[in-house]
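Here the chain labels run A, B and C in written order, and each chain numbers its own residues starting at 1.
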Amino acid sequence: MISNRTRYLTQNVAKVLIWTAALLTIGVMMLILFQVLAEGLPVLHPRFFLDSPKNMGREGGILSTIVGTFALTLVAIVFAAPLGVGTAIFLREYTRETRISRIIRFGTDCLAGVPSIIFGLFGFVFFVIFLNMGWSILSGGLTLAAMILPTIISTAEEAIKTIPYTYREVSFSLGGTRWQTVTRTILPSAIPGIFTGIILSVGRSIGETAAVILTAGSSLVMPTSLFSPIRTMSVHFYILAREGISMEMAYGTGAALILLVLIVNTAANWLLNRYIRHRV
Amino acid sequence: MEAKDKIIERILLLIAFSSISILGLIALFIFGEGLPLIWKVGPRAFILGERWVPSQGSFGILPMIVGSFWVTFGAILLGVPLGLACAIFLSEWTPPLIAMVLRPTIQLLAAIPSVIYGFWGLIILVPLVRNYLGGPGLSILSGSVILGFMILPTIISISEDSLRALPPYYKSGALALGATHWQAIWRVMVPAARSGIVASIILGMGRAIGETMAMIMILGNAVKMPTSFLDSARTLTTNIGIEMGYASGDHRQALFATGVILFLIIMILNSSAIALSRRRRS
Amino acid sequence: MSEQRKILIEDFSFYYDSFQALRDINLKIGAKEIFAIFGPARSGKTTLLKSLNRLTDLIFGGRHSGAIFLDDLNIYDPKVNLTQLRRRVGMVFDLPTPLPMSIFDNVAYGPRLKGSIPKRRLSEIVEKALRSAVLWEEVKDRLHTSALRLSGGQQQRLCIARILALEPEVLLFDEPCSGLDPISTASIEETLTQLKKEYTIVLVPHNIQQASRVADRAAFFLNGEMVEEGPVFQIFTRPRDKRTEDYVTGKFG
């Protein structure tokens, strides 16, 4: 029999360890943010955002990479959102647990775990070479679309799942078809949740580097069409830092990247909170 | 009206299938590019070969496989205790103020681009390791530490979910039998949530093995069999990431072949994690 | 029984996967009467109601045998247009189920499903439906506020109005007062007797007293079987079956 004292001693030791772990996690996060922001924020003059990079990125700003980041993300969302939401609607509203739905779910779960470098390889050989799109916004965007699809599907599924069964019953009992029920009752209620998933995917697209560098290239020229190669902020940051081109510019780009991700995340959180409060 | 509904159902089925057909396409094209080279070199020589000198046509990826496992092992060593502790903290102790900081912190950990982690590791961690522990600094140790933090969100969120999903009487029952809060957590709740926690660890391993950019920046990328945590190393992913930019011919195919091996490892990990969480659900 | 038959149920059985929820039900329900279906929990009452407008089709793994006729239409005929059937046979659920939209949009939901309707016409339909459900006076000034803000009784009357807007022939009520206080219950019952003038009503009452207060005829259900049916007065005072008597006198249930 363990004495009471030992038991409570164990409990207190455990408590201290767990607190340490929690504080360590917060601390490291703060350290990363502080390091990059402290060095990077002073670089962020308005000109930094409004000028395109010059001399390989040693001078000028990051405008073309911002444009590239947004273009790529936009393409990714435009393709992935309808596909993902459609899949979620099918899984939740048009089938119950059948072999088909199990296969689809297994497929999306697997897709969610595929490393980004594999997506990069795939995008390179499929979009860039096989479909002959070259290193371009389109190739990169489509590759990203494949990558964020599982996130969109699962968040949309969650959002649809929370809608009370009675809404469906009511809509059907009033003579609605399944599709009318989906478009007039289920989607309007699920939109905030779906949107949150899309915003999270935007965050992932912004931060992705490995898949993008292999499919969209790393050109610093301002893009003119969907078939232009581009360099995103993440890729720019990586090249500046790894090749030691300019630490100052690297810090600036890193700080801008962190701010962007912070904004996107806050937006998603805000939306999600509003959504949850709305539900109750 | 109902005919229209039938058509819509077909369209949605088509959409759902095109979503997963992407997985098939990926497998098809990666294998299509990579398998011929594996046959040419011989699967044994490719996987167990220790020499990777593309210019001489030797393609052995054993050092990369070993490197991936070392780094992943190190990340798990750090990430699992830390992640499990945070999950317990969030599901059981949560003093409101700290929880209010910890939760967004974890979200942010998940959201920060991997290149930022890599950069921070390169600037801060690598010099620390070099100065205090010796070696080049660009090492498995530095990589593991960074990866350990990168996989935290995966481990925490899934472990926390499975702890929270336990029926409340697990805890109240243990407490009623005279267990301390900690005993209830450690002897009853954690074992009961075991399959979810293991699934979270497996998914974390998947993330660690799959990470590319941060590892390129931190690991030093030397192609040799690592012998200590302070050695520089190269993983399957970094092998692809570094050389894809200039590879052609057999060399490029060899990188796709590396992708094939990586894909297979990930699929095995994923399937087992999915099987585990299925069991949890039923 | 009133002269005219509205619903005829013939040898009807229903199964959830392997569980049989209804056993060989035979029943006639007349036009413009209130017919009560009562019995203990899980006796098949709700399943029978949902079979009458085929909401049971939504249940994965459900199947049936036998037939149900609405006038002369076999509603389980494969050629039956489901959406049309459900507009003829409206249903009010046990708990108020307003959709998360305005009062007006709730009532207009059904009519709008049929296609676009001129705004003027739609407003008329909504007003008429709300008047018939005795809700108009309470909500006429806030038609465009959220229906979720109404009280429970108002929400339930809104659900009735929502169905009336479709001008159905039969109304199905599944314990419509189970979530409500006595005053709201009285107002719903009052509404029911008003509606009887124009509609055939099938009601699962939330207790025996309610059945005796509002219904014309009633049927007693037990474990998926119909034990007996007849005029309310007879069933509650001189039940033919021992089990009905035991239930009505409160020996079980």
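The criterion applied here is as follows: a residue touches a chain if its C-beta (ideal position, glycine included) is under 8 Å from a C-beta of that chain, and two chains touch if they have at least 3 such contacts.
No experiment lies behind these values; they were computed from the predicted model shown.
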Innermost chain, taking as reference the mean of every protein Cα atom displayed: A
Which two chains share the largest set of C-beta contact pairs: A-B
Length of the line joining the C-alpha centres of chain B and chain C, rounded to whole Å: 55
Chain A and chain C: spacing of chain centres that average the CA atoms, whole Å: 48
Whole-Å gap between the CA centroids of chain A and chain B: 17
Touching two or more other chains - residues of chain B: 1-2
Of all residues in chain A, the ones touching two or more other chains: 177
Interface hub residues of chain C, defined as touching at least two other chains: 83
Touch list for chain A against partner chain B, complex: 7-8, 10-11, 14-15, 17-26, 28-29, 31-33, 35-36, 82-84, 86-87, 89-91, 94, 100, 103-104, 106-111, 113-122, 124-126, 130, 146, 149, 153, 177-179, 203-204, 206-210, 213-214, 234, 237-238, 241-242, 250, 254, 257-258, 261-262, 264-265, 269
Partner chain A, residues of chain C touching it in the complex: 53, 55, 58, 60, 83-84, 86-87, 90-91, 93, 95, 97, 99-101, 109-110, 112-114, 159, 162-163, 166
Chain C contact footprint on chain A (complex, rising order): 96, 166-177, 180, 184-185, 188-189
Touching residues (chain side chain B, partner chain A) in the complex: 1-2, 4-5, 8-9, 11-13, 15-20, 22-23, 25-26, 29-30, 32-33, 81-82, 85-86, 88-89, 93, 98, 101-102, 104-109, 111-120, 122-124, 149, 152, 180-183, 185-186, 203, 206-207, 209-213, 216-217, 237, 240-241, 244-245, 255-256, 259, 262-263, 266-267, 269-271, 273-274
